[in-house]
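Pasting the structures here.
Look at the two complexes coming up: chain A is in both, with chain B in one and chain C in the other.
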Partner chain A sequence: MSNTAMSIPEHAYPGTKKRGILGAFFFELIKNKFLYLLALPGMIWFFIFAYLPMGGIVIAFQDFKAMKGIARSEFVGLKNFQFFFRSNDWIQIVTNTVFLNVLFIAFNTLAAVAIAVMVTELGGKWFKKITQSVMIFPHFLSWTVVAMFVMAFVSTDGGFINQILSVFGIPPVQFLSSPGYWPVILVLLKVWHGAGFGSIVYMATISGINPDIYESASIDGASRFQKIRYITLPLLKPTVILLLILAVGGIFNGDFGMIYAIIGRNPPLYPTTDVIDTYLFRAMMDLGDMSMSAAIGFMQSLVGFVLVLTVNYAAKKVAPESAIF
Partner chain B sequence: MIKETLSDRLLKGFFILAIGLFSVYCLLPFWSVVASSFASEASILSKGYTFWPADFSLEAYKLIFKDNTIYRAYSVTTFVTLAGTVMSMILTSAMAYALSVKSVKYRNHIAFYVYFTMLFHGGLVASYLLISKYLDMKDTIWVLIIPSMLSAWNMFLLRNFFASIDDSIAESAKIDGANDVYILFRIILPISLPALATIGLFYALGYWNKWFDAVLYINDKDLYPLQYLIQRIMNNLDYINQVSADINIPNFIPPAMTVRLATTVVTIGPIVLLYPLLQKYFVKGLMVGAVKG
Partner chain C sequence: MKGKRIGTALLTVALAASMTACSGKEKETNTPAATGDSGAATPPGAVTLKGMLFGDAPKDLPLVLEEFEKRTKDTLNTKIEFQWNSPADHKQKVKLMMTAGEEVDFVFDADFQNLRELIPQGAYAQLDNYFNNDEYPGLKKAFSPEFIEMNKRYDNHLYTIPFTQYFYDIPVVYIRKDLREKLGFSKPISSYDELQQFYEKVLESEKGTTPLAVRGIGGFQEMLAPEREELDTVRPLNLGGIVYFVHLSDDLKKVQNVVAFGDPASEWAKLPAPYNTMKSTFVQYDKWAEWSKYLEKDVLSQKDHKAYFMSGKAASYYGTISSYAADKKVLQETISGADLEFFVLKDKIRSMEPKAISTSYKANNSIAIPVSSKNIDRTMKFFDWMFQSRENHDLFEYGVPGKHWEPVGENQLKLLDESENYIFPGYEFTWNPNMIRLPEDLDDTAKKYFEYSAKADTYYAAVLAKFAFDTANVKGEFANVQSKADPFIQMLKAGQVKDWEADAVKLNNDLKALGLDKIRAEITAQVQAYLDAGGQ
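Coming up: the complex of A and B.
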């Protein structure tokens, strides 16, 4: 059946094979002209807003002057990179970026998996629905709104945490000038913001598990805990690994939206919260140092790219079903 | 049905408790800001933020609704969200559909062309220069829409959904003489409403919550979107002084705290109202996308 279907075009358009590569190309474009036209606006958009900026990477190797533009700015080789690495800032911001991201990924994954497993086990329909809605809700609030929430908790005068501390006679903590607390606060916020939403994917995976497996485990006398431990969690593993791969690829990308909205320009907190992206932003907007910012951004992109390829390669060896490509 | 043992029931009890507590944790910050926004400025200053306003006051809301800043920010954000979502959906579904049709020979090449942008990007500096210097979009409302019109992630999610639709539906329409554009808009899209609702919601939220693009590209006060307004008022007092400018009481101290909180509440209002309606769609749509993907 499929053979005849395949051979029809050759009869209908004699000489298909002789048309050559270019001819075949245009033939295909004309044959599916409406579909290619549908894809075209999107392709143009990606060209302008994703591929053109890639060309802008040359700025990283230039002494970029806005007056001269990209075409006439002077090339300086690796000077921008040297400049960045000569200052000691880079150690701090790279460490912060990776450290915070590792914490975010670890705690968010744990919380999301835990929520998914627990919610699936819940029986009551109403309780399940309401708690699920409530847990997903924070994801839809922008970080600027969340920053307002944070103030209500950490303010020195009147913040909830200090109100509670004062009940126990503990002197108020100056959160806004104590960098030590912030990795914890940021992780709590990240879990608050993303764990419920992240659990949807895991719930989808769990709901795709064949119910017969649980049934036969029950007949064999498995307890609720054993079913989770030996059925649900192992079957969640590929999804967890897949999402971890995606996350690891972005480990050098600080969560700019979150950190800039919440920390903003508060230098006392920089020692634990300043990430590559916020540093780059300030270098660009405050110092106007386009070239160094571009150099930092380029390294970040490149490292991220190499990381995704490496992790994916490793995943292919260890757990082929989790590899992305 | 096998009867549950004691340990099974204990475990379930623990799950209910844990989920219940986490839900409270999710709701608490939200509740505290809403409650505090209805408290009087004096009580916030003397006793701090509250979970239950002791002296109920609408002062802050009266002030912000008297000034037209909030209305302007609302109209900017509403326009950006509506126009942006419509444009995003048209572009995304057109591209996703083309890439889902198996007879398109170069669809995998185009898919890779899009996928590569998820792996590698030119960075903030290049995008900033492109948009502000070369495309000259600074201080236009379009800068909040056009540069974020497409998301590769959403496009692939939708493509996976389209690919799961039976080919024969499109084929038979083709035999009847329909072209691909007609098939997409008249046949494919109407049967894909749950998926479209999901993707549309993601885009809409992205536009609604947009503020960083405003930090970069918007200086004109009339074009501030809501979330950027929030960010501005958290960091300076201009707005608070402005909304309390026509009050002629000697020694009047502008209610800085409650005005901030009330503005925040006003910003999240529509999300809270629409959320229950939309939630059932995106949970379903996401599950479909996740399982297929």
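Coming up: the complex of A and C.
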């Protein structure tokens, strides 16, 4: 996994300790030159597409003008951040964003792990493959298409759910003007859409578990449930924590593609569904100001970054082997 | 302030120009070449003009370009290369292209894109001199001096080639003709009263059919708007979602008040009748609340009301007259036996009175030429060629004659089967009030309204029509006010607010905390500066 893979005995290179930091760096480079060469394309890719554009963050602190460019636009300090916090709406919006994302992450992880465990326990080869495909499929539907299904289900005149209710003589539920239902609906959709696909990583981890462990457990008389409880789940824990840490980084980013496609611009639903990204979209509709949008984007990333560090720190305390760094 | 702005603009132009100069290439001035070499027999050097539009490239565009090159090899010697951006990305791509200094000879830009931002930054070339200029007879013929004058903006120069066919797209309610007849209305709907009777009848006898389909974010829009004479001294400005009334002195030289939606009664009392109360100013809002029973229950989440109508679920829908022929065709193909007709929403327009429509004569769509282009003259020569004759113009707008379409008479056309391989977005590149062709199978009523809306006499320019608000100084306030007001205004437009007056006052108080008064002061200052500079 790391560059120690070449396993050159330490004592073969006496004097390593005496070099300066720079010297050690170049020595390391030369020592493992082929490994670094292998990593080079990836590193260049990250440098160009992930590190270089970070310079663009600077426009969050500028009054950016396209013709003047980044170099000559005027600096305005934190002015671009002010508008977001001036109205009290931001508390509601941030709460919605975090609340929905926490629900999404929690339920998606639970569902994905459950699916992974269940599918691996399945016997029939064909049945297993088909089940898996059916569960992964929704991931490839765009939210715009999903939104059309949703409308067919929840609309007041002639929606599927309301038609069923009317059969039992229950008056129609106006889902599209009742904000209370939507966190539940959105979570259900999110799980349906993403849990199957998310389970792939967990299935891979499970198939990587040494079968000898299960065998010896069987010899000791462990039931199927006990094997899941005491072998599969504990061995999945590092992967679960790792993916959680990564997901937490995006907790301040509302899922614009999903929420805007499904909710659109329906004011009665804003109290529970308006997230940072959809709010920003409405505020910037006419202005289209890059600096102000960049400012909010930067804030979201910054909070995400701090959260990743915090969760990682916590993970290190609880389960050191699953922390990223 | 204005002088300072022009100064900044000049500085930016100079900076941009010096950058192009630095790149070692010859700098081309943005005034037409004075020499008359265009008339000479030898064609100019070959040039390829690159441009950015949005949408999907028409499938047969290569055929059209081939035909174009064939026709103009000895005169223009020009090739055109289009880059088609996705509609969602076009705005950002144009901006990035400007920042990166990439070379493009023409881009689609408009007020709803980057125009308001990029012109003051000096991104686009001034085009005043190309129009009304004998060197460019095609442009001179197709663009009247008034049209050009009204499309000048910012520092009173022209930065765009404006495209439009009509100066106003007449709002209508499209009605299922077959349904109207079935319900016992023998004559077409001709008043709001009849329309309401029709809707009542639909509710009563057509269970499951929505009387009127509108879009969730649009609502009733122009429906039921009061029919009254416009006052020169009270001018509405729609900014960031809410309406402000600018009250001018009788000589139209001074701004007296700026009253915003939801202001206290004492503010409205300063305006002359009927604007002296909110109730009398916005009489339609009560009507909208009353008529909301004719809309779907989930109207606010309706994203595509036309599709809803086309699927047979509604008896009528809100639209504009320009889509009549296309919509009628879709309806007839979808529902057998169905037919479409329209009810014109405004009295004066319905009876085709002259000077019925107030307009700024501003085209909503246009092409702009980046100052960094080295081929400004050649690009304008191309557009000049295109507007020299219908033949040239129609090649780009409708495709190859005999293959995609056929001319019928002077100003009509028949689309041929292959026309679906050449659907060109004319509003981005070719539209002109003098070069309209109507489909030959259009019915007479529709034809009359199209001809009416093509006549210059139909329109008049209201006071402050040319004024454009610059958001630069109040960006933050503007964003706050817009995001706060938008949900309420949207509910109001869809008739979902019963006691709208009280709610408007409440909203207004919230907006004041977000900088409404700063925007108001900025409007006052900008309108005053506009009037002081001789604007009308």
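Observations on the model:
In this text, the second predicted complex is superposed on the first by the 229 of 325 C-alpha atoms of A that agree within 3 Å, B and C clash if a C-alpha of one lies under 4 Å from a C-alpha of the other, contacts with A are read in each partner's own complex, and residues count from 1 in each chain.
Going forward, a residue touches a chain if its C-beta (ideal position, glycine included) is under 8 Å from a C-beta of that chain, and two chains touch if they have at least 3 such contacts.
Since the model is a prediction, treat every value here as computed from it, not as a measurement.
Of the two partner chains placed by superposition, chain B and chain C are both touched by A:Met151.
Counting residues of chain A touched by each partner, chain B versus chain C, the larger count belongs to B. By the touch criterion defined above, A:Ile276 lies against neither chain B nor chain C after alignment on the C-alpha atoms of chain A. Of the two partner chains, chain B is the only one that A:Gly208 touches; chain C does not reach it.
In the superposed pair of complexes, A:Ile259 makes contact with neither chain B nor chain C.
Once the two complexes are overlaid on the shared chain, A:Met290 sits against chain B and chain C alike. Of the two partner chains, chain C is the only one touched by A:Lys65; chain B is not. By the touch criterion stated above, A:Val248 is placed in contact with neither chain B nor chain C.
Within chain A, the residues touched by chain B in the first complex and by chain C in the second are 66, 69-70, 151, 155, 157-158, 264-265, 284-285, 290.
Of all the residues in chain C, the ones that touch chain A in their complex are 12, 15-16, 91, 95-96, 98-99, 114, 117-118, 121-123, 208, 210, 216-217, 240, 296-298, 300-301, 303, 471, 475-480, 482-484, 486-488, 490-491, 510, 513-515. Within the complex formed with chain A, the residues of chain B that make contact are 2, 4-5, 7-8, 11-12, 15-16, 18-20, 22-23, 25-27, 29-30, 32-33, 36, 44-45, 47-49, 91-92, 94-95, 97-99, 101, 103-106, 110, 113-114, 117, 119-130, 133, 146-147, 149-150, 152, 155, 179-181, 184, 205, 208-212, 215-216, 227-228, 230-231, 234-235, 260-261, 264, 267-268, 271, 275-276, 279, 283, 286-287, 290-291. On the side of chain A, the complex with chain C involves touching residues 65-70, 72, 79, 82-83, 86-87, 89, 151, 155-158, 174, 176-177, 263-268, 270, 279, 282-290, 292.
Remark: chain A residues 28, 32, 34-39, 41-43, 45-46, 48-57, 59, 66, 69-70, 111, 114-115, 118-119, 121-123, 127, 130-138, 140-142, 144-153, 155, 157-160, 162-163, 192, 195-196, 200-201, 203-205, 207-208, 218-219, 223-225, 249, 256-257, 260-261, 264-265, 277, 280-281, 284-285, 290, 293-294, 297-298, 300-302, 304-305, 308 touch chain B in the complex.
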